[in-house]
Amino acid sequence: MTRGGLTYPALCVLGILLFLALQYSNAFYSGIIASILIWTVAVSGLNVVAGLGGYPSLMQGGFYGIGAYASTLALNDGLALPLAILAAIAVAAIAGLLVGLAFARTRGQYFAIGTLFFGVVVNLVLTNGASLTGGPLGLSVPLAFASTADLNIAIAASAAAAMMLVHAIGRSRIGRHLTALREDEDYAEHLGVPTGRMKLLGFTISAGFGGFAGFLIAQYNGAISPDLFNYTVGFVMFVALSLGGAARLAGPLLGSALIVGVPDLLNLPSGAGMLLVGIVFVVVIIIAPDGLIGAAQSLAARLRARPAPAR
Amino acid sequence: MILQALSNGIVLGALFALLGAGLTLVYGVMDIPNFAQAGIVTIGAYLMVALAQGAQLPFFLAVLIAVAATAALSVATERLAYRFVRTRPLAAPVVALGLLLVLDNSALEIWGGDHISLSPPYAASVLQLGPITVPGVGVAVILIAAAALAALWALLRHTKMGRAIRAVSQNPEAAAIIGIDLERQYINAFLISGVLAGVTALAYAPTYAVFPYMTDSVILNGFVAVIIGGLGNVWGAAIAGLALGLVESFGAVYLSAAYQTLIGFAVLLAVIAVRPGGLFTGGARRIA
Amino acid sequence: MTPLLAVENLAKRFGGVRAVDHIGLEIAPGLIYGIIGPNGSGKTTLLGLLSGTYRPTAGSIRLDGQRIDGIAAHRTVAAGIARTFQTTRLFARWTLAETLAIAASAGRARAGAAQAVATALDLTGLAASAGRPCSALSNAEQRFAMIAVALASQPRLLLLDEPAVGMSPTEAGQLGRAIRRIRDTTGITVVIVEHNMHLMMGLADRILAMNAGRRLAEGTPAEIRADPAVIAAYLGH
């Protein structure tokens, strides 16, 4: 995460532009943009634990689902909008904390597999907890905003704010400690970094972002059901982060745009869309481990470092 | 009722054992969670349906061709993808999932999303053992799994290839020093794993329906078996798979059918949280 | 005078192996204290117990009178202990300066972090290399860099685990002089595990000789050199 000064104003401008795009494009494009932006919130959160912290979490989809259901249940119970948002963030964050505690000593690919299973468990609970969650048919979601314009403002602002927040976190003490533990967790511990605490904090923050994104998608869709939140969602969010560029500010936005936007824009049937995503992802991971933004940065660095041609 | 749960559990367990064996073979040589195995089983199942029921080939021939295809597909995943992430343990599981996405969605695009069924010649028969009814396909699962695991054991213990694979799994550097071609053994491991995938398709498809995501839940159970049994430990995976099948079957009867898979995952989460390397790793990773 | 470090009846078992078998020792502040022993004698485990890497199975460790056994590694840093490792560990992708900055900010006295970094670079002679990525440093520079990182957290007790690994005799000599300079300038107490006898005998004020997890002998270098039990255990070392 680099240059400080221009970033926040730039993101504010971006937020405004995104709102305009959402509000004034036709239904087809508007839907795609909304999905991309909501995903950006979730994937930006993922960037904290996976990008900064280096922990390959495949369960962001689970917190996404938890947030969606928690906020919807709150609204159905008659709670006001701010409380519903709080419910989404808090319940997801607590779940993130608990999972973080459970996996405190798990690393690398076992961590990845464990988070995958957590995603499955969330989906199972959502599907089977019919009395609370409405079972496989799901729930309908009351619109908590005064108008769709307000919802659009919320979505655009959230995407920009999410990126700003993650940028701030990246440059804060927490961010530096997380990147230290990403580089070498045991060594960081011996430098005085409280790695256990930092990891839990990272998990909690990431989950909170996921929960908030869940609230947004619930509002935008008007209805939620468990198959919106199956375990592949968590995986594909990780794909979005990796493709766009983990630990890069715009990585989540770019990745979400590619994953969500490209298949929808090309009007591919969902199977072919995911097929394309899968192929692109495998190729990119093999060729460009730092994602597309990372690859672009390396290329730029190499071009800058090239000596002047001989005369 | 207990006996029925028992017999269901054995069938389920045999399936998990087969999947686990294929997964753990790859783990042993390459420390990679081969999620793509699920996709290969699915493609194998579809091929069997297409050949036996679509093209009307004799069932046995259809199975042979499908198994050859899954073996080739498995090797292809190694040559085209896994090979490049061997040294990057974080990239491996996500590449594996990416491959699974590709395979599942290829099946979706080629054959559509409907649930179809594979009807082998023995589908109609039923075995009656006193109060228990075991459908023909269930018996087949047990027989196929037993035969496959026995063959695998014989292969690993008594053939040159098997010994080479085990050597690589235990100590790649030492194996290389005594002249074993590591690349070759990686390919062999995937080849055998691919054959197992085809065999799993034969066992699995008639018992349940064939559709693009048919294996997604069982593959996770396969991983539970692998992790409990110890990475690279074929017998561990087989026994753990069987045990898991029984636990889930009884759980379905006495607790809740809906939460059947939840039990397996609860077990796995517990194992991963406490001992990420598995319960029975015992130092160096072993195959059989 | 209260010893800076007091270890009593310390033991660590790994499964059936007694890596450290009931050891006691006291180290006065400002000492350079050496630990020697054949491979497998438990030296690195002992260091690991002091740094919080391992939890003792028995016994106590007191730093300036306060018990620190069993606390997490990052807490020992806060208490004033820093260590280096036998195999070089650094944040390879980061510059030396960035690595030092983390150690300084997570260390004992966060105020004065910049000064701590400057002092650490100065004492290890690495000021010129601060801006380079850790992976770009030579082996000897990396060994020194680990010491600089440990110093950046402003410890009272510095634990060095075979710092001279991979160094030529000249480099080892520079290392010895640097360690002495560090102690003389800052008053830090240094515990150093080493195989390089030449370095150890010339540098240490007192030496603990270990064998099979147990204390074999303890004393000044001259006493250790003359100790018959030590000679018997180390013939040819």
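First chain written, first letter: the chains are A, B and C, and each begins at residue 1.
Keep in mind that, in the parts below, a residue touches a chain if its C-beta (ideal position, glycine included) is under 8 Å from a C-beta of that chain, and two chains touch if they have at least 3 such contacts.
All of these numbers come straight from a predicted model, not from anything done at the bench.
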| item | value |
| --- | --- |
| Chain located farthest away, centre of chain A as origin (C-alpha) | C |
| Centre-most chain [mean C-alpha coordinates] | A |
| Where chain A and chain C are represented by their mean Cα positions, the distance between them in whole Å | 43 |
| Centre-to-centre distance between chain B and chain A (centres being mean Cα positions), rounded to whole Å | 32 |
| Euclidean distance of C-alpha centroids - chain B vs chain C, Å | 49 |
| Two or more partner chains touched - positions in chain A | none |
| Contact set on chain B toward chain A in their complex | 31, 33, 81, 84-85, 88-95, 97-102, 104-106, 108-109, 113, 212, 216-217, 220, 223, 227, 256, 258-259, 261-262, 265-266, 268-269, 272-274, 276-277 |
| Interfacial residue positions of chain C with respect to chain A in the complex | 51, 53, 72-74, 77-78, 82-83, 85, 89-94, 102-103, 105-108, 149, 153 |
| Parts of chain A lying in touch with chain B, wherever the complex brings them together | 54, 56, 58, 102-114, 116-118, 120-121, 124-125, 127-128, 231-232, 235-236, 238-239, 242, 269, 271-272, 274-275, 277-279, 281-282, 285-286, 289 |
| In the complex, chain A residues that touch chain C | 173, 176-177, 180, 183-184, 186-196 |
